[in-house]
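Alright, structures below, take your time with them.
In what comes next, subunit A is part of two complexes: it sits with subunit B in the first one and with subunit C in the second one.
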Partner chain A sequence: MSHSVKRGMLGLALVIPSFLILFVVVILPILYAVQESLIDQNSGEFGLGNYIRMFTEPAMRTNIIYTLNVTLVSTVIALLVSYALAVYLRFGKGWMARWINRLYFIPMFVPGVIATYGLITLYSNHGWMARLLLLIGIDTFPKIIYSYSGLLLANLWFNIPFATMLLSSALAAVPNSVVESARDAGASSLQLFFRFILPLSYKTMWVALTFIFMGIIGSFTAPFLIGANSPQVLGVAMQQVFSNYQETHTASAMAVFMFLLCSVMGYFYIRTMGQDLDKQS
Partner chain B sequence: MTEPQLSIRQLSKRFKTGDGVSDITLDVQPGEMVTLLGPSGCGKTTVLRSIGGFLEPDSGDILIRGQSVLKLPPEKRPTAMVFQSYNLWPHMTVYDNLAFGLHIRKHKKAHIQRAVTDALELVQLAPAARKYPSELSGGQQQRVALARALLLEPDVLLLDEPFSALDAKLRMEMREELRDIQMRTGMTMVFVTHDQEEALSISDRIVVMHAGQIEQLSTPQDIYDRPSSLFVASFIGRINLLPAVSDGTRIRLQSLELEPQPGQALLPGACTIAVRPEDVYLTDEQHSLAGTIRQVMVLGHYAEVSVVCDEQIIKMFVPREQAVHLLNGQAIRIGLRKFTAFPEQTAGITVSHTAASQAAATV
Partner chain C sequence: MIVISIALLAGCSGKSGSEAASASSTGTTEISLYTGGSLNVKELWETLIPEFEKANPTIKVKLVYLPSGTGGQSAVDRLLAAKQSGQQSVDVDLYEGSLDDMTRGNSQGIWAKLDSSAIPNLSNVDSNALKQANDMAVPYRASSVVLAYDSSRVSTPPKTADELYDWIRQHPGRFAYNDPATGGSGSSFVNTAIYNFLPADAMNSSDPSMAQKWDKGFNLLKELGPYMYQKGVYPKKNQGTLDLLASGEVDMIPAWSDMALEQLNKQLLPSTVKLAQIDPPFTGGPSYLLMPEMSTKKEAAEKLLNYVLTPEAQTIIVNKMYGYPGIKWDLMPKELQNQFASVSSGYRQFNSGDLQKEINQRWQSEVAGQ
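Moving on to the complex of A and B:
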């Protein structure tokens, strides 16, 4: 056997274990789910029946639109807030910036269930907020929990710290001399942001965007505990279809749909990274 | 007398760490190249960054062509700065790097194109216009950075150790090129460096700084020949620092009685004699120091000879032909052509004896 063939075999042997694991725990279940989703829940025949129902049944359609709405709005707000926060932490010099810098990632260390119950005790109709407001004579409290806004709040709580951390490290990698030479050349604060800070950190912004989007679209715990009964986000709806109605095939179709949504995001993510590699080489 | 291009008045800036500068006053004439020279931490960069607007001084004033710029942010000041490293904007081509400042100033497109091309030709990098900074070598990047700063046509160009990241040979080339560009454009420049050789070679005047204060401000020639303090003497060029004793009118260095240089008054007591290696010569006179040769090092057209006189090492430069006849351990006599004497008090403040002679040995 020649040397290069031997090396090739060795390479293959090293890759095979991880590929097998990947195959068994990721690829097989996906294929299985796709297959399951193609068996009509009602008739048992092979076909697109589950998908057609998913997009035509009013309740399900509402759920899909609701999920996309919550996901997009939460993602955009979380991204904007984290970006602003990261820029502030990068260039802010006061005690405020120092303290925020120490504290902002604490939510990441609080388990999701506990955080969700925390939000409930704080913002529900008879929660702390409502009682505090009552003390100063305000007896109307908006309905925050068990609604769209509660879900939004939970999503922001879970995603802002992580995104801020990502963006902070990207901004930390922008050298001071780049910022200073830009100002020296006459750039105003806005020009500085759009011509320098953003182009030099937008790759990380895409990473953050992808992670936030995927995290939110597939979320379950928070929407299950804090969301409205109807409409529901896909994760909760899927659980209901699967456990309560025991419609395995319908649930599979929903899972495949969610997977496709994430794939679109993944496609843009990979394309952005690829473009950057082209530019650098 | 013409109005100075740049005028710094009683500038003070102290950091929380205690570092900083105090009471810096300096006038730079139009078209002049002034270098701020000193060891790291002496405050030279603090002064430069204050001029550029990146630091807010505690007190004092900075005027450019008679106008105070203290209240202006960097983007509004008529200054441009070349930084030590990571100078160029990595996401823009060389052309865009140069054109950016002109775009902001709302110049016409045709004008920008011409100006950028001219600037690239000035630094001999015309073919690199479409490249990204990461595709250029360190020297090329600094040349582009220089071109970018020149394009802004600043009233004062600030250079913060721009060549310190380059290798020795390239540094020399860049030095010449910078001096050349400065002569051609007549631009006023303030240059910061810790490299005394660089400072001596390119400056019209040098400001030697130490511990946040101006130690000496003069022409390179004057600073080299007439250092005003022991610190300047030991920092600029190579020098021997020898302990001696003065009785007020004459100085005793080992067995030798010396007359102070004209114009130098010295209080009685211990003092330090600073003498450059090129001012030490071999002699047969009786009025000289006896010593033995410890080492002869040939350094091109001259040789450096270490002579031990009464346990003190004195370095001297000898023409190469003469050095051929010198052997290790040989007894010789040496004389001092000229020297500067510093009273012990200032020596105690700035550099201790041993430290000073070590510094002299390593410079």
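Moving on to the complex of A and C:
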């Protein structure tokens, strides 16, 4: 056996275990879900019946639009806040920046259920916030829990720390010399951001965007506990269809649809990464 | 993918406890009791079993507890599979389940008939309840949904269902029931609202044509919607509404008697919260013990059943679970009878099988999504 064949076989042997795991826990379930989703829940026949119903039933269509709305709005706000925070942490001096730098990732270590109950206790109708406001004489409190804004709040709580962490590490890689020389040449803060900082951290922004989007679109705990009864986000609706109505095929169709939405995101992500690789080579 | 992982989880959990022990050589018999439900059920058995073993030193009871939603169904599935594959014995000697489990297994003959010559205390149980269960399942405890209200803000609670609906209309935003798909107390409110318009025996019919007659009930629920908490917020889970009552956001909710009494006792609910049943009552249901026909240790299992139906064991059950006893109330200690007087007036049972699913589905699209 030649040296290169041996090396090739070694490479294959190293790849096979991870490929097998990927195959059993990711690829097989996806294929199984796709197959399940193509069996019509009502007639039991093979076809697109579940998908057609998903997009024509008014309740489900509202759910889909609602999910996309919540996801897109949360993603954009989370990204903007994280970017602002990361830039502030990178260039901000002083005790504020130092303390935020130490504390901002704490929400990542709080389990989802606990954080959600925390939000309920804090922002519900008779929660702490409402009572504090009452002390200073404000007796109207907006409806946050059990509504769209509560969901938005929960999504921001869960996603800003992680996105900030990703963006911070990208901004840390922006050399000070670049910033200083741009300043010397007379660049304004905005120019500095759009001409230098954004292009230099553009790739990480896509990573952050993808992770926020996928995390929110598939979320269940927070929307289940603090979302409205109707419309529901897809995760909650899927659970209801699966375990309460026991319509496995309809639920699979919803799962596949959600998977497709995430794949679109994944496609852009991989394309961005790919472009970068091309440039390097 | 979520779907798949749930299915996988459910598949795995059935295997726990399969290595139940058989009779040992020292003359003691070990029986396995399969149970499920919430943690309080496990705690109940952990109190009952030592008492029983003290009185019957030759019998050991092995408790196999499957938390709710993890594999309760699979115990019955296993019994059915054992029967179909022609096995001679199973390691399940007693099973705690529902009337549905009885019906499901009965067609295959997996449950043994319970006989009062072997279990004398069966005579303590209401004979109608036993007849309803084909003498194959004994209701050993029960709980029902009642009205829980804060007496500091509600001085005269509604006595009838119509008075309740009027109260809701007169006090906008002060009543809440939970999403019926997520918990029995909300589901009982919805079911009674629908079936109060129908004859009494409709609740025991699983005839799909019954669904045609729900319109009046759903119209009532839709009409009540804007008077609910925050103009139509239905919290998730039984605990969701109890939390609202505890924090004073609402004044009245439907709640499981056992949950409410337990939380009153642990002071999780303010002491001003009181319970009452309305007329016609909300629904509730017993929990049953069943003995598999293929159990090889029926004699020991019958002894345990007999013990569970004594007033002493029932007193432990009522005190631990804050539920109804499985035996007749007049056999229970006087003080317990007084303590539970407010909720013991009874309940109705809802046995409509798959119709419950359809009610939930229709509720989601018509009432939640109105």
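Note that the second predicted complex is superposed on the first by the 279 of 281 C-alpha atoms of A that agree within 3 Å, B and C clash if a C-alpha of one lies under 4 Å from a C-alpha of the other, contacts with A are read in each partner's own complex, and residues count from 1 in each chain.
One rule holds in what follows: contacts are C-beta pairs under 8 Å (C-beta built on N, C-alpha and C of every residue); 3 or more make two chains touch, one makes a residue touch a chain.
All figures in this text were calculated on a predicted structure; none of them were measured in a lab.
Please determine, from the superposition on subunit A, whether subunit B and subunit C clash or fit.
When both complexes are placed onto subunit A, subunit B and subunit C end up side by side without any clash.
Applying the document's definition of touch, where does A:G11 land relative to subunit B and subunit C: first, second, both, or neither?
neither
Can A:G274 be said to touch subunit B (first), subunit C (second), both, or neither?
A:G274 sits against neither subunit B nor subunit C.
Determine, under the contact definition given at the top, whether A:P175 touches first (subunit B), second (subunit C), both, or neither.
After superposing on A, A:P175 lies in contact with subunit B but is clear of subunit C.
In the overlaid three-chain picture, which partner chain does A:L200 touch, first (subunit B) or second (subunit C), both, or neither?
Touch partner of A:L200: subunit B, not subunit C.
One more residue to check, A:G47. First (subunit B), second (subunit C), both or neither?
neither
Kindly classify A:Y32 by the partners it touches after superposition: subunit B alone (first), subunit C alone (second), both, or neither?
Only subunit C is touched by A:Y32; subunit B is not.
With both structures placed on chain A, which of the two partners, subunit B or subunit C, ends up touching more residues of subunit A?
Of subunit B and subunit C, C contacts more residues of subunit A.
For A:G186, decide between first (touching subunit B), second (touching subunit C), both and neither.
First partner only, subunit B.
For A:K143 in the superposed arrangement: first (subunit B), second (subunit C), both or neither?
second
Quick one: minimum Cα-Cα distance, subunit B versus subunit C, in the superposed arrangement, integer Å.
The answer is 40 Å, the least C-alpha separation in the overlay.
Help me check something: in the complex, which residues belonging to subunit A touch subunit C?
Those in contact with subunit C are residues 29-30, 32-33, 36, 59, 62, 124-126, 143, 146, 218, 220, 224-225, 228-231, 235, 238-240, 242-246, 248, 251-252, 255, 259.
Which stretch or stretches of subunit A touch subunit B in the complex?
Per the touch definition, subunit A meets subunit B at residues 175, 177-178, 180-188, 191, 195-196, 199-200, 279-280.
Help me check something: in the complex, which residues belonging to subunit C touch subunit A?
Answer in residue numbers: 1-6, 179, 181, 230, 232-236, 247-249, 357, 360-361, 364-365, 368-369.
Would you mind writing out the residues of subunit B in touch with subunit A in their complex?
Touching subunit A: residues 52, 54, 73-76, 79-81, 83-87, 89-91, 100-101, 104-105, 132, 134, 145, 148-149, 152 of subunit B.
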